[in-house]
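Consider the two complexes below, in which chain A is the common component and chain B and chain C are the respective partners.
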Partner chain A sequence: MHDPHIILILTTLLGAVGLWLMLPRGTHRGRSVGIILTAVALGAGASQLPYLGDWLTESIFGVLAAVTVVSAAATIAFRNPVYCAIWFGLTLLGTAGLFLFAGAQFLAVATIVVYAGAILVTFLFVLMLAQPEGKAAYDRVSWEALLSAVLGMVFVGVLSMAIVGVFTAPREAKERPVAPPAAKELAENVLVPQHVAALGTELFGKHLIAVEVAGALLLAALVGAAVIVAQGKMEEKNERNAQQKRD
Partner chain B sequence: MLLPLTLEALLKIALLIAGLMTAAAYFVLLERWIAAWVQDRLGPNRVGVPLTKIRLFGLGQPIADGVKFLFKAEFTPGHVDKFIYFLAPMSIFAAAILVFAVIPFGSALPPNIFPASWGVGEPIQLVAAPGIDVGMIYVFAVGSIAVYGVVLGGWASNNKYSFLGGLRSGAQLISYELPLGLGILGVVLASGSLRLETIISQQAQSGAWNCFLQPLGFLVFAVASFAEAGRLPFDLPEAEQELVGGYHTEYSGIKLMMYLVAEFLHMITASFLIAILFLGGWHFWGLTDGGGPDGNTVTWVVAVLRIIVLLAKVMAMILFFMVVRWSWPRFRYDQLMDIGWKVMIPWGLANLIAVAVWVEYGDRIAHSLGLPPLLCMGLCGFVILLLGWYVATKADPTLNDNRPRRRLISPDRHVEKIEV
Partner chain C sequence: MSPEIALLNNYLIVGAILFGLGLIGFMSRRNMIVMFLAAEMMLQGVSLSLVAWSRFRNDFGGQMLVIFIIAVAACEAAIALGLVTTLFQRSGRLDIADWHALREANQPAFVDEPISEETSTEEPLPTLARAGVAPQVPPVKTDYRPNV
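What follows is the complex of A and B.
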């Protein structure tokens, strides 16, 4: 069973079945089996990861990755939308930790500021105002559970095969491979002490137009929101005036 | 190499947590003393050394309070969502402590004050995680997690008052994050770094604190940090008359204590940030000179002086927070939102634009006027402050005038108001 092909295909299959069993399908049957299958798939996939060099790095990465993946699975498996949102928050924290682990400080904090600090809080507001208990059954069941689980796992499987290099590496790799040291470009672009300054030079030098276009798009959305609110108020006022005239 | 670094970090973390917890406990006592002083009472002065009759000016009170909180009945109401009910106070408490990873509490300790056998070769930076290049955004990111504690606590309590309180405070915290960020941006733009240590050392080098150079930014940041810390006049979360106890109505015992301690930690964080960003950090003219701005060649006298100066500034800010609490009435909800969105954000933008113009053209402007650049920038800053104040009060006269609105606005708008 040392062939990475077979292990990765097995991971994909087990993961797909496990995820399908875990998703809210309107019945509780097979959930624990699904959790066990997904855990086995996770372990099998993790066994194929390259060794990172020393036990401290390895264990920090392991904990962060496990938190991210497990909470991501929990995000789609829970029935109560508020819990889903909280698990998603944990996924974001795990992702930010992985970014920090890789030396991308700015991406790590930006993930928390943008996703956890702004977008998810807005989600929570909406979810809390909508009563989860009062919803119909078909609202609390995931649609096309089998299709989405299989598609998601196939995507994960293909990506990890590409990353681990199964398609190109020789098949009789018996020992666990060791991760290569950080590439030269990585050390020059990401791990510089003046991290944010380097990032800013890159963003506002090479990608200036893209940044400006994104900014203009966001501004347009903001103005649009303000216009919609103002229109609603105008209509209300007109209706009230018409009402008064009729009276 | 790894072990001494880990030990150093763990020591700093232990120092920070012990210091912060003690400080939070004793700030409660200080707050009660100041309340007593403002209201012409004596305040807590009885509890001293346990099991004796020594009173010690009431210094034992925080210990008694803490013990009381720990041993109180840990009551969980039957109608709450258990998991989130437990999670909410923990998340707000953890976020409040996490911020201190990048906040410096001094400049650096010289290596020669330690025994030679310890092998300390380099000056020890007095911050738990030195060299984080995104320090300022990190503070902002972790601060934005505090919203979860409030919103989730209110929702999990399954109680209308808690929920309304939670939503209201959530909206307040999110709204005031914008002026807070704008206040920070001005400083970051002027100093060209997000690292708190660099921001301090730049102010120390020029000797001109940012509160003199960007008074409008200082005002915006100070007001926004009052709102973020949930202190009066922005303590809508716990408007007793309207919402019982706001989002922590249903909490008791140690979970309530976590909320209250987190609130005090927010105030301490805000004081540290104001002192570091705008009041020069550990710098004081004539006292902390020598040793270089980054603390590489510092002597131990200067190192200790720098810690004392920084903590004195923080203490002064906290005293200001506490006196303000007993000086202003609470804002109404619409007033709170009006001040945030219609006054603070435009002021923050004006300050940001002024700083951007100054960074680009400042030297040329100062040269053509024949004034020293820093003096010129300070003057411009105060002109912008007065201009901002004038425009804001012209646009909405109720900001600085307590007469009823109908006497302040023009007659035709008055008629329209009645129609609506």
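What follows is the complex of A and C.
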């Protein structure tokens, strides 16, 4: 039983069944069993992860990854879409923490400001505007919950096996080994203390044209969103006018 | 396994899990807003992997890609929410199944199976026996929503 592949396959199947039980299926039966199964699968998967070198790094990474993954599972499992959005906010905070932990300080702040500050609040606005009272029937059932849970977890399992296989497979002598970066090199480039200055130099130096294109894309999206919403309003108005004429 | 490789390995696996959970949510949920949250979650998983690679290769390229992912996600959210509000004004529901008329020509129509009403698990409140003359109460107009 110490073959990591067998443990990974079992973890995947356990997680698939647990997620299936957790997803909305029209009944409350089996939800707590699903939560327990998913938690067991998460723990078994986490026990297979390699040690990060020292206990502080390990525990910080563990807490951040656990927050991210658990809140992501809660996002797709909750029936009330408001709770889904709030759990998704926690996922964003977890990913922002992981970004910070990997040395991407600007991206961590940008994720919180852009996602949690703008996109998520807009989602909540639309929910408040659009959600009818009470829990809607379509929030309490899913499309093919078992099929999608199995498919998604098999995808995760295959991907993790591939990732683990790349780093643990014995290599041919002529192949260039994956060289981890030295701490000194990292401190001079990606983990440089003047992080935002280095990032800005890279962004507005090497990727200037891409920045311009992204600006044009944002403008196009803004105009497009305004047109879509305005067109719906116009049609409504026309219908109302036509009805008034008929009356 | 050296610590840097172990860190990359762990980040890639967390990214894969986020992507997989987003995939499950996008395929199985029927509320349009939850579907878009799941799509954003898939983007987060990819961003996490890119940041980990950026650190491992000691190169800012991965972080650049994530900056552009965030910009595209903002565009996507604007268009998606415009579409969701428009669709909601037409059907009055956030259910994606209302738009099954857009399916492929050879697919059968979607039939919603009825599900049982949500049963409350709370104990019923105690009631008093009715007594006396019923007072004349003007009907209260409730134009607020009691819950969301």
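The rule we apply is simple: the second predicted complex is superposed on the first by the 192 of 247 C-alpha atoms of A that agree within 3 Å, B and C clash if a C-alpha of one lies under 4 Å from a C-alpha of the other, contacts with A are read in each partner's own complex, and residues count from 1 in each chain.
Here, a contact is a pair of C-beta atoms (placed from the backbone, for glycine too) under 8 Å apart; a residue touches a chain by one contact, two chains touch by 3 or more.
Bear in mind that the values here come from a model prediction, so they are computed numbers and not experimental data.
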Contacts of A:Ala110 with chain B and chain C, given as first, second, both or neither: both
Partner chain in contact with A:Met153 - chain B first, chain C second, else both or neither: second
Partner chain(s) touched by A:Val121 [first = chain B, second = chain C, both, neither]: first
Which superposed partner A:Val82 touches (first chain B, second chain C, both, neither): both
Touched partner set for A:Gly232, first chain B, second chain C, both or neither: second
Chain B versus chain C, judged by how many residues of chain A each one touches: C
Interface residues of chain A shared between complexes with chain B and chain C: 82, 106, 110, 118, 128
Contact footprint of chain B on chain A as seen in their complex: 56, 82-83, 86, 89, 105-106, 108-110, 112-113, 116-118, 121, 124-125, 128, 193-197, 237
Contact footprint of chain A on chain C as seen in their complex: 1-14, 16-25, 27-31, 33-34, 36-38, 40-41, 44, 47-48, 51-52, 54-60, 63-64, 66-68, 70-79, 81-86, 88-90, 92-97, 112-113, 115-116, 118, 145-148
For the chain A and chain C complex, residues of the former touching the latter: 19, 23-24, 26-27, 45, 49-54, 57, 61, 65, 68-69, 72-73, 75-76, 81-82, 84-85, 88, 91-92, 95, 98-99, 102-104, 106-107, 110-111, 114-115, 118-119, 122-123, 126-145, 148-149, 151-153, 155-156, 159-160, 163-164, 167-168, 178, 180-181, 185-186, 189-191, 198-199, 202-203, 206-207, 210, 214, 217-218, 220-222, 224-226, 228-229, 231-232, 236
Chain A partner contacts - residues on chain B that touch it in the complex: 2, 81, 83-84, 87, 131-134, 137-138, 140-142, 144-145, 147-148, 151-152, 155, 163, 167, 170, 174, 177, 193-194, 420
